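The next block holds one structure in the form of structure tokens; read it before the comments.
In order of appearance the chains are A, B, C and D, and numbering begins at 1 in each one.
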Amino acid sequence: MLKSNRIKMKKINICIIGARSVSSGSLIKLLLQHKHVKINMLVSEVEGEDIEKIHSCLRGVFSGKTEKYDPKKIIKNCDLVFLHKSHGDFWEKTGKLVDLSVKMDKDLRFIDLSADFRLKDESLYSKWYDFKHGRKDLLSQAVYGLTELNRDKIKNAKIVANPGCYPTAVLLALAPLLKGNFVDINSNQGIYVYAISGFSGAGKNNNGTSAFNTAENIKPYKVGHVHQHVPEIEQEINNMLHKKIEITFAPHLAGFKYGILTTNYVTLKKQHEWKYIHSVYEKMYKNEPFIRLFNGCPEIKDAVGTNFCDIGFSVDKDKNTCTVMSVIDNVIKGASGQAIQNMNVMYGFDETEGLPYSEALKRASVA
Amino acid sequence: MLKSNRIKMKKINICIIGARSVSSGSLIKLLLQHKHVKINMLVSEVEGEDIEKIHSCLRGVFSGKTEKYDPKKIIKNCDLVFLHKSHGDFWEKTGKLVDLSVKMDKDLRFIDLSADFRLKDESLYSKWYDFKHGRKDLLSQAVYGLTELNRDKIKNAKIVANPGCYPTAVLLALAPLLKGNFVDINSNQGIYVYAISGFSGAGKNNNGTSAFNTAENIKPYKVGHVHQHVPEIEQEINNMLHKKIEITFAPHLAGFKYGILTTNYVTLKKQHEWKYIHSVYEKMYKNEPFIRLFNGCPEIKDAVGTNFCDIGFSVDKDKNTCTVMSVIDNVIKGASGQAIQNMNVMYGFDETEGLPYSEALKRASVA
Amino acid sequence: MLKSNRIKMKKINICIIGARSVSSGSLIKLLLQHKHVKINMLVSEVEGEDIEKIHSCLRGVFSGKTEKYDPKKIIKNCDLVFLHKSHGDFWEKTGKLVDLSVKMDKDLRFIDLSADFRLKDESLYSKWYDFKHGRKDLLSQAVYGLTELNRDKIKNAKIVANPGCYPTAVLLALAPLLKGNFVDINSNQGIYVYAISGFSGAGKNNNGTSAFNTAENIKPYKVGHVHQHVPEIEQEINNMLHKKIEITFAPHLAGFKYGILTTNYVTLKKQHEWKYIHSVYEKMYKNEPFIRLFNGCPEIKDAVGTNFCDIGFSVDKDKNTCTVMSVIDNVIKGASGQAIQNMNVMYGFDETEGLPYSEALKRASVA
Amino acid sequence: MLKSNRIKMKKINICIIGARSVSSGSLIKLLLQHKHVKINMLVSEVEGEDIEKIHSCLRGVFSGKTEKYDPKKIIKNCDLVFLHKSHGDFWEKTGKLVDLSVKMDKDLRFIDLSADFRLKDESLYSKWYDFKHGRKDLLSQAVYGLTELNRDKIKNAKIVANPGCYPTAVLLALAPLLKGNFVDINSNQGIYVYAISGFSGAGKNNNGTSAFNTAENIKPYKVGHVHQHVPEIEQEINNMLHKKIEITFAPHLAGFKYGILTTNYVTLKKQHEWKYIHSVYEKMYKNEPFIRLFNGCPEIKDAVGTNFCDIGFSVDKDKNTCTVMSVIDNVIKGASGQAIQNMNVMYGFDETEGLPYSEALKRASVA
């Protein structure tokens, strides 16, 4: 029945703004396997480029040319806009498209993979991203698109703020402990987050991601309370705790291409066995198609190429501490894959449609 | 129309013998996305193992346990058997299954990813693989499964001998020149094949593929007329030339996981422009969904994770020589992916079904 | 003239027990550049092997054959024994050699790169290493060979217990804070140590260090209070604090060959500026040839191939926490290099002799 | 005592022009271990930079600032100038320094690591390097610095043209066959050279060496008769053959940092056994400290970090062909190390002085 439904379903028309970024390449690649979408417009500052020359993975698979930003054309031809990745530019573009689409009476929706709608407090943009956000009205409307936590709100959202890669991995790792009120937030050290990212997280062409600087290397950077993902993580932690805390965040740049591993160290309110903590996670995540719980430690290689978030943990009963580890593919679950997952929720498609292993996951969920 | 067809189509039941190998893991992963198959049996010498523990990529996606080899059960429950990878063992297993299935009047078919049915001259098995082949009768029946070259024979084959990874890349690179009779086979140096393989080609757990021996390294091995893929390449070259020649083959083991690059150096019978040679390739491959011709040089990273064979070449007009480069993913187009492509041909499925980018490729072929 | 000089200088005679290990290969390579030593005996369980076949880096540089363990021969021919790396076997061998050398009135000395003399409390060996230590008398004699911290004791030690790779990096990172009494040890979370090691730390040939398991991967293991280096780190921390505390230790196996990065998170007793903490480190380490302080974060690639320990840190003044990062080459400063540094201290050689950059470092120390 | 010795020995004063390049970093690192030199001047277009910030490997080891090009100052303060690496600029600088030093009656000598003095026929510079060479007079004076082949001429050279990295590996591989007149140069395919280089060969900061383009990848480039090292290789081959031939050259960019592997395919004039060919190589290279002959195939990892050229070969007796493989560290034997080897020859130092394993090699040559 689902299948016949799917066939009849009209395809939604997609516009991608920022078609040149690594994540956009990944997004296009995934969307091509999606049954209910059509990629209609590829918008980029550089006009007229062949998309398969920008993203060599698309060669022989998909052709199309980038075009310049034209709000009316987008509204006329598209149902859903993905934006990626120039932070500080998209709030304005999205704002204009929202206003204009209202005027033109078109139900245009947005999944923004930049940071422009992630933070609710607009003053944080000045502090952490160095730009002034001009659409406070839209900030309050936008839904933070961590699918597993905000599924219901995402369904009806006009603007989904797709989470950052680090925040996705950290928040999925900590949510069961935070929501279950297990964390001792009065502990003087608070929550300590250690994270390693593949170099694709740093964008394509900069000195930091030269082979000289990444091969056979690991490099901590912005350690402490410095990285721009800190306020995003804190905002969502505070939402879950209903209380304000600060984290310590130690990100690292690694020599592998894809993947993020986070190791989150927290103090628990009281002694718990590993088994009990595990049951807490299982309860929260048992029906989630993209969360896999590990008895041991998750590792980068298993999550790369998928939309999974793999989670494992170690409990030190004597010290009341818990180390939660999570792994994602930074470009998929940390960007393009979660964006598609959000789209599926927004449009009532099967949540796994278009994502790696979708057919197997659909079957699994039926059984 | 195709789509509705697909829905009505009965699924074929699959048995995989040798479920523990790297390629079997890849095969299962791909088959899970295939619309017309059901994985029914996983046969392995080690019985009762969880398949998702063997292939961690299957975790949360597919469960199943290995079982022991039971010919009657296979014939009863399955339509198609994939075999991988213990050379020298499968001719006997396949032989028995063929005999028994005839007796039981069941149309059981085979795609053998080992070398056991690739060579037509059974004496070559003693020489190159160190075992005596006992089923000459089946050798002559078996079809060499290089899809692009033998599509028509594959359609009706009972046994498809899935090509080796190196031969796939080399033969697809050379076929247009060989079939078009461009190669000067009287040249004293003949055809010189240089090839580099990712370490996954060497299997999972041996000293050669320890991280110590592969990281930041490249290593030639079995250089000259020594590697077991030599007779396979020569057999198919000779079929195309209707003449016997010997190649020189210089394989290398590289420090990356997936991918094969071959560089094939040949003397042409006379001077040709690059443009003309290119048109020869284009003519032969223009409708092939899995061949991509490059104006420049193909590179490993673009083909990895796909079933594509990327081909480029350089022509030295003055010297009448041509260097043809080809790239494949050794585990996909070089094993599991081509096996599925062959299955698709055998059962009349869309040739791209279940393979990476299948939806986009179907669309492309419609347009 | 230089040569005759070199010849006149008396050289100490070296025996290496466990000549086949990765660290022994590195040790030999370094000793060959050392002006005051001669490698006299290479002892291994496998007798009669060419050392340059075991350690391919020695090809064309050094020849010699392994021989079996013969205590009398060692005492007769050698002044200094390096042992590496079968934990649980060397306390007995060393014990016998000590007793016998006393009897034979020979001043034989030992640098043990295994764990056999690192822990002072012999009961820890049963708990963490699963063997019973039979020479409590020697345990108390042995000096823990973290050169920068125990230089004076090392000078006259008969047995130097060369530190583990992780402990070396962790203890050098924390020593100034611990010795200066800056750490709030009543903090409930205590000291949290996160560490990443190149795969060479896991030995040469096991499943964990197959290229399949290490390439493009990072993998936490033995997270919590589980890894065998925990008691070693705690013993030395406790020595500095004069108090017993427990650490949390999260080690990771990375896909690069050499190098360890540790990130040590501690609570300070009170608020301090980065500048002040930096001055504390500078004061303690300013004359150390092998400690380099970084204003920013140290990274793996800069320390690999050297005997340096690179240290950087981030201070969170508001939270009274400090994250200290340290990087070493796990096989050099974490094993063979520090062993040579210890030897240099024991025999009054220039401390940098035989180590990478020795000539430049000597010159630097003169100036 | 050792120290005072060192001090009394007269040291030659070194100037490095182009101090920012990768090879200059390696050169400085090696020179610091050299007993008979002092680095006096570091010349760069960017003035006043800390050299240890440019080359992080020099941190804590060597300080110095870059200064601008000042011919008189160089002549006054230095005995030997290394130049690296802006092709097309150095012939003029060197020319000026030569003229001026003659005028000032100073014996200034040059080792040029750029291509500016490698080619004897100045018209080749216009064709292959796109600049017009203005000092034909100096071209004829300059000695091609492939140490093993031109040792005698290098001794008294004023200008040594340090070979390119690919030519070094190719020419050392082929020299015994070419000089011994074994190669059938009338073969229609001629000499086919296949080569793989680590990404350090492509310089530090360009798009080709971004981690995105190198990680888990291999990429052929400039295949045929296109790469700028072709005329250099041909010039030296022709010198050995006393005849003009053209090669085919297929270079590749690999994902590892250091190392070159070349595979050279030639037709022999007549049938030879492997053993005989081996004896030819042994005869020519037996006293060479930096050539290691392998019975099997050499591999990248063994030569990296050394000044060795490792050579192995496979002979196909039936086809009269021979595949010679050679491996070097592209930055050491392919640039900085060979430059120091040449300096040692020019100044009568031990040829291995300052190079990796020097002490062991000196000892080996005494014995």
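As a convention for this text, contacts are C-beta pairs under 8 Å (C-beta built on N, C-alpha and C of every residue); 3 or more make two chains touch, one makes a residue touch a chain.
Because the structure is a prediction, the values reported are computed rather than measured.
Novice: Select the chain at the greatest separation from chain A, using centres from the mean of Cα atoms.
Specialist: D
Novice: Report which interface contains more C-beta contacts, comparing A-C against C-D.
Specialist: Of A-C and C-D, more C-beta pairs in contact link A-C.
Novice: So how far apart, in whole Å, are chain B and chain C when each is placed at the average of its C-alpha atoms?
Specialist: Result: the chain centres lie 49 Å from each other.
Novice: How many angstrom lie between the centres of chain C and chain D, each centre taken as the mean Cα position?
Specialist: It comes to 36 Å between the two C-alpha centres.
Novice: Let me have the rounded angstrom distance from the C-alpha centre of chain A over to the C-alpha centre of chain C, please.
Specialist: Those two chain centres are 42 Å apart.
Novice: Scan chain D for residues touching two or more other chains and write them down.
Specialist: 213, 215-216, 255-257, 301
Novice: Which residues of chain B touch chain A once you look at their complex with the stated criterion?
Specialist: The touching residues are 3-4, 7, 29, 32-35, 56-57, 59-62, 215-216, 292, 301-302, 305-306, 308, 357-361, 363-364.
Novice: For the complex, give me every residue of chain C touching chain A.
Specialist: 184, 187-190, 192, 194, 196, 213, 215-221, 223-226, 246, 248, 250, 252, 254-259, 261, 263, 265, 267, 297-301, 304, 312, 314-316, 318-321, 323, 325
Novice: Touching chain A in the complex: which residues of chain D?
Specialist: Going through chain D, the ones touching chain A are 22, 199-200, 204-205, 207, 209-216, 255-257.
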